[in-house]
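Note that chain A is present in both complexes that follow, paired respectively with chain B and with chain C.
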Partner chain A sequence: MSKLSTSAKVYLAIVFIVLYAPIFYLVFYSFNSGDSMTNFQSFTLDHYKAVFEDSRLLVILINTVIVALLSALISTIIGTLGAIGIVTVKDSKMRNTLLSLNNVLIVSPDVIIGASFLILFTMVGIKLGFASVLLAHVAFSVPIVVLMVLPKLLEMNKSLIDAALDLGASKKDVMMRVILPYIQPGIFAGFFLALTYSLDDFAVTFFVTGNGFSTLSVEIYSMARAGISLTVNAISGLVFFVTILVVVGYYFFTSRTSKRTGGQQ
Partner chain B sequence: MKSLIQATIAILVVSALLMYAADAMSANGGKSGKDTLTIFNWGEYIDPDLLKQFEKETGIHVIYETFDSNEAMMTKIKQGGTAYDIAVPSEYMIEKMKEENLLLPLDKTKIPNFKNIDPYFLDLPFDDNNEYSVPYFWGTVGIVYNPDLVGDLDFSSWEDLWDPSLKRKVFLVDGAREVIGMGLNSLGHSLNSLDDHELRQATNKLITLAPNVKAIIGDEITPLMINNEAAVALTWSGQAADMLFENEDLDFAVPEEGSNLWFDNMVIPKTSKNVDGAHAFINFMLKAESGAQNADYVGYSTPNIAAMNLMDKEVVTDERFYPSEEQRKKLEVYKNLGPEYLGKYNELFLEFKMSIR
Partner chain C sequence: MQTKTSKSALFPYVLWIALFVIAPIALVVYYSLLDLHGNFTLNNYKSFFSSVYLKMTLSSFWYAFLITFFTLLISYPTAYFLTKTKHKQLWLLLIIIPSWINLLLKTYAFIGIFGLYGPINAAIEVFGFDPKQMLFTDISFVFVSVYIFIPFMILPIFNSLDRLNPTLIYAARDLGASAFTTFRRVVLPLTMDGVKSGIQVVFIPALSLFMITRLIAGNRVITLGTAIEQQFLVTQNWGMGSTIAVFLILFMVIIMLITGQKDKGGRVR
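Right after this comes the complex of A and B.
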């Protein structure tokens, strides 16, 4: 990674510009005092003020974040255990079947997952709202976490476990002190992917929201019918900013811990 | 391992704090019953101040949710899970909901402000006697165009769409009834035609429009028109009003041969837990002051005569959005075609789409 050729640098720069340009364009216009994204008139913070004055929108924003955090946390726990479970299955046919079932859930269309959840929840009698949205998000995030953790588990040298057992570690010790630390990067990757999936899911969420509980994606979809207002830009800008903070915080956190453990893994 | 536990605790603490914050901001949320009212409406389709006023006046807490298509709205109401007290579907969807037995009949004695509505908008084919529905906003289907880009065409006739100068400049909404209806209207037929010969004629006529058609799309047309990237679009007057608001160069016309008259209406779904509150809300929205305030905010045409008296004269005399009685005679509300002809319309629309390349 130390030396990149000039052409590689240029290529990389272009890729990043293409990826970030739409976001900066959107954030730029959130400071527009005009009413649309056609021409920039002058700088204003009015749209941000509008977001903070609209308590309904704020509650929806907070709800979105809560659901994302909790569903990512729960699905990370379930998914990690699931991945460990899949790896320990000896029969390769059985293991492949389990993996395929996991993958089917990833590729099946959101609309269908959403509609099936709506039918399931109303059949079982779960009231639509926070619980139903959380459950649905956990459900579609688990397969993703499994897929992120699995490669780490597969690349792990089995002799590590044998060595630990030979040295007298209990099964619990092996899990806590060998396996989990080793697959930790996969776990965090799974968590963050689950988080983004939850934040931007519209199709599943639309079906399972209710009783005044809504998330940002659902709200923005229905707002967009009358043309995207700059309030949407402002709120998207806020979300983007918070995301950057979280990512920077995460890297700061991991680089600190890796320094402490002597730069290993 | 330690960092995993730390991260877990951090997430839980943050979530708990956020939950506390959300709870403090929305006291009394999430319960439905006597003192709350759950409203299901299109996005950006009400002045939020009106909800606050209503809460203040009646002490009923409002839970407001939004949807972005009639079909999605009906799915959620039909499936249950949330007790919606008010919904605002379009006319054809009301017919469907009636058939599926999803609506409660209205008690007009609880809606004295019903008298504010222009009789022209009452007692229409989709809901005789307004047994289940009260008009909320209405409009037409017409052509929004950019005079700078179309020469001297003014779209007083549907024929103008066929003008050779518009080669690959026309956008159409992706709706079988709107487009086939336009074809029928352009030949002077009813847009509810059940005559196979007329339908054939209309489709053939539409196929000759194919060279002019640039795309058949949905809401994406709004930004295209606003940014002067498109010249002509067949669309609903409500959407056109949004475009005209953003870009004053645009103009809107409803061709003289006739067109569609559409409605969005307030209804009370069967699942309602607060029927009295729902009536109170309908009555509140029909008040002259609320009607005027809402129409000012949303920018669509109101069916409320009393409200029109309170509104800016320039707005309510704008014949593009409040057509004169003479023009209105040409407007038709969609009738339920029945599954057989609905399928036929869709098939013909598909045939037309396939003729475009």
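Right after this comes the complex of A and C.
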């Protein structure tokens, strides 16, 4: 392979700078003792303190985390079962239909998902608030879990199941001790992605959240519409920090499990 | 053998499909046929074809086109150079990380950056020009959208470039093709799949953006997404909102058919 020319390096450097500049800009001004994102006066942690002293914001933060964890858990269960079910469908036409229906929510724009769920919840009579937000997050996370688990199931050797059955394992044993351990990395990846989708979502939540319930994204939106507040900068500093931790943790985790399964083969 | 237990595993999943995939679409179509009082009507469709909505649809497409074009223009070289770096997976990860930061926070950053006293205006003043109001213009809207979409465009292009067999490039060069000809006749056609999926993941969301238009473009830019949000949450005219949603779904299907990779067998033209 040819070496990168200097101009190529400069180009890449500019792209990286542009990608990261706004994020660092936000975090930088979160330490500003002034109250705007323009002139930096002196270093302070006041805005971070304000985040942790604002009980309303803390409730919203807890709401966000609870919705993310619960919806990721429920959608992982439904999605994993769904993937196992899809694999057993022999009729290829039926299977393809299921798979295309699976992808509808992945490719649909958030606005359409949000609007159609708003109609659905209102018609069924689900009160807008925690329940509707949780259901919506479960709904759009399920297909992601399916897509993460399915490849693992497809690459699994069928004779593993046959061997277990021949050796006298019950169906439950086959499920718990052969299939689930084998597809475990896919399940974890699905859970993790569902978690990040839920934490990140704004548009769908914005449609199905009522007056009394709010998640972090929705709250940031209303704060941002009201104008610049360095509390938002402090929140973004925290979010950035947590994101980096999660990414590092995820890569550490996946590289460890792939090494482990690699060693077993 | 164990199909019975596995079939029952399918039950909650199929229920999910029925409730959250089929029912919502059916409901959107149903609501598009209702007027404000819940009476059956085709008026929503009639008003969609009035000049107001047609203009809005056209401008939405125009902005989505601009956003996709500039995103592609920046992303292709980036992905190309990335595949040639030493630790390319690490660099790719660094490109992807910003896409994990909440979209709202990144958009919010630009309110400060583009502000009248923000860093860009400060830089402009250094060169002796007057500061300009950059926020609430369509240029800032396109800029922020491109910024947001760059990682999503780079990823599929990077993957298709990475899969490209380098011997094909050596062969082209051995046979006397210039670097540019090699790129135009070998690299670009073979990575077209990546470009197509990149366009897909940028163009459809770009049609339906509503948060960036509100925060960055003021109310100067109205996309199909903004219109749907407006009809549902502000005007409370769910019928008209659903009608716009029906058309957005139609456009989405058309775009996916155009950019879809259905002719896998017919690689050679």
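Here is the rule we use: the second predicted complex is superposed on the first by the 206 of 265 C-alpha atoms of A that agree within 3 Å, B and C clash if a C-alpha of one lies under 4 Å from a C-alpha of the other, contacts with A are read in each partner's own complex, and residues count from 1 in each chain.
Convention: a residue touches a chain if its C-beta (ideal position, glycine included) is under 8 Å from a C-beta of that chain, and two chains touch if they have at least 3 such contacts.
Given the structure is predicted, the values throughout are model-derived calculations rather than measurements.
Q: Contacts for A:L101 in the overlay, against chain B (first) and chain C (second): which applies, first, second, both or neither?
A: The answer is second: A:L101 touches chain C but not chain B.
Q: For A:G79, decide between first (touching chain B), second (touching chain C), both and neither.
A: In the superposition, A:G79 contacts chain C only.
Q: Applying the touch criterion given at the start, work out whether A:P22 contacts chain B, chain C, both or neither, answering first, second, both or neither.
A: The second partner, chain C, only.
Q: Of the partners chain B and chain C, which touch A:P151 in the superposed model: first, second, both, neither?
A: In the superposition, A:P151 contacts neither chain B nor chain C.
Q: Once the shared chain is lined up, is A:M176 touching chain B (first), chain C (second), both, or neither of them?
A: first
Q: May I ask you to name which of chain B and chain C touches more residues of chain A?
A: C
Q: Output check: A:I119 vs chain B and chain C. Expected answer is one of first, second, both, neither. What do you get?
A: A:I119 sits against chain B and chain C alike.
Q: Counting only touches as set out at the top, which of chain B and chain C does A:F207 meet: first, second, both, neither?
A: both
Q: Going by the contact rule set out at the top, does A:Y221 touch chain B (first), chain C (second), both, or neither?
A: So A:Y221 meets both chain B and chain C here.
Q: Both chain B and chain C touch chain A; at which residues?
A: The overlap between the chain B and chain C interfaces on chain A comprises residues 36-38, 115, 118-119, 206-207, 221, 224-225, 228.
Q: What residues on chain C touch chain A, complex-wise?
A: So the residues of chain C touching chain A come out as 1-3, 5-7, 9-14, 16-17, 19-25, 27-28, 31, 74, 77-78, 81-82, 84-85, 91, 93-95, 97-98, 100-113, 115, 117-119, 147, 150-151, 166, 200, 204-205, 207-208, 210-211, 214-215, 224-225, 228-229, 232-233, 238, 241-242, 245, 248-249, 252, 256.
Q: Could you pull out which chain A residues touch chain C in their complex?
A: Those residues of chain A that touch chain C are 1-4, 8-9, 11-12, 15-16, 18-20, 22-23, 25-26, 29, 36-39, 77-79, 81-82, 84-89, 98, 101-102, 104-105, 107-113, 115-120, 123, 139, 142, 146, 161, 165, 171, 174-175, 196, 199-200, 202-203, 206-207, 216-217, 220-221, 224-225, 228, 232, 235-236, 239-240, 243-244, 247, 251.
Q: Would you tell me which residues of chain A are touching chain B in their complex?
A: My answer: residues 35-38, 54-56, 58-59, 62-63, 65-66, 69-70, 72-73, 115, 118-119, 121-122, 126-130, 132, 176-177, 180-181, 184, 187-188, 191, 206-207, 209-214, 218-219, 221-229, 253-254, 257.
Q: Sort out for me which residues of chain B touch chain A in the complex.
A: Per the touch definition, chain B meets chain A at residues 1, 3-4, 7-8, 11-12, 14-15, 18-19, 21-22, 25-26, 29-32, 38, 42-45, 48, 63-68, 72, 75-76, 79-83, 219, 222-223, 226-227, 242, 246-247.
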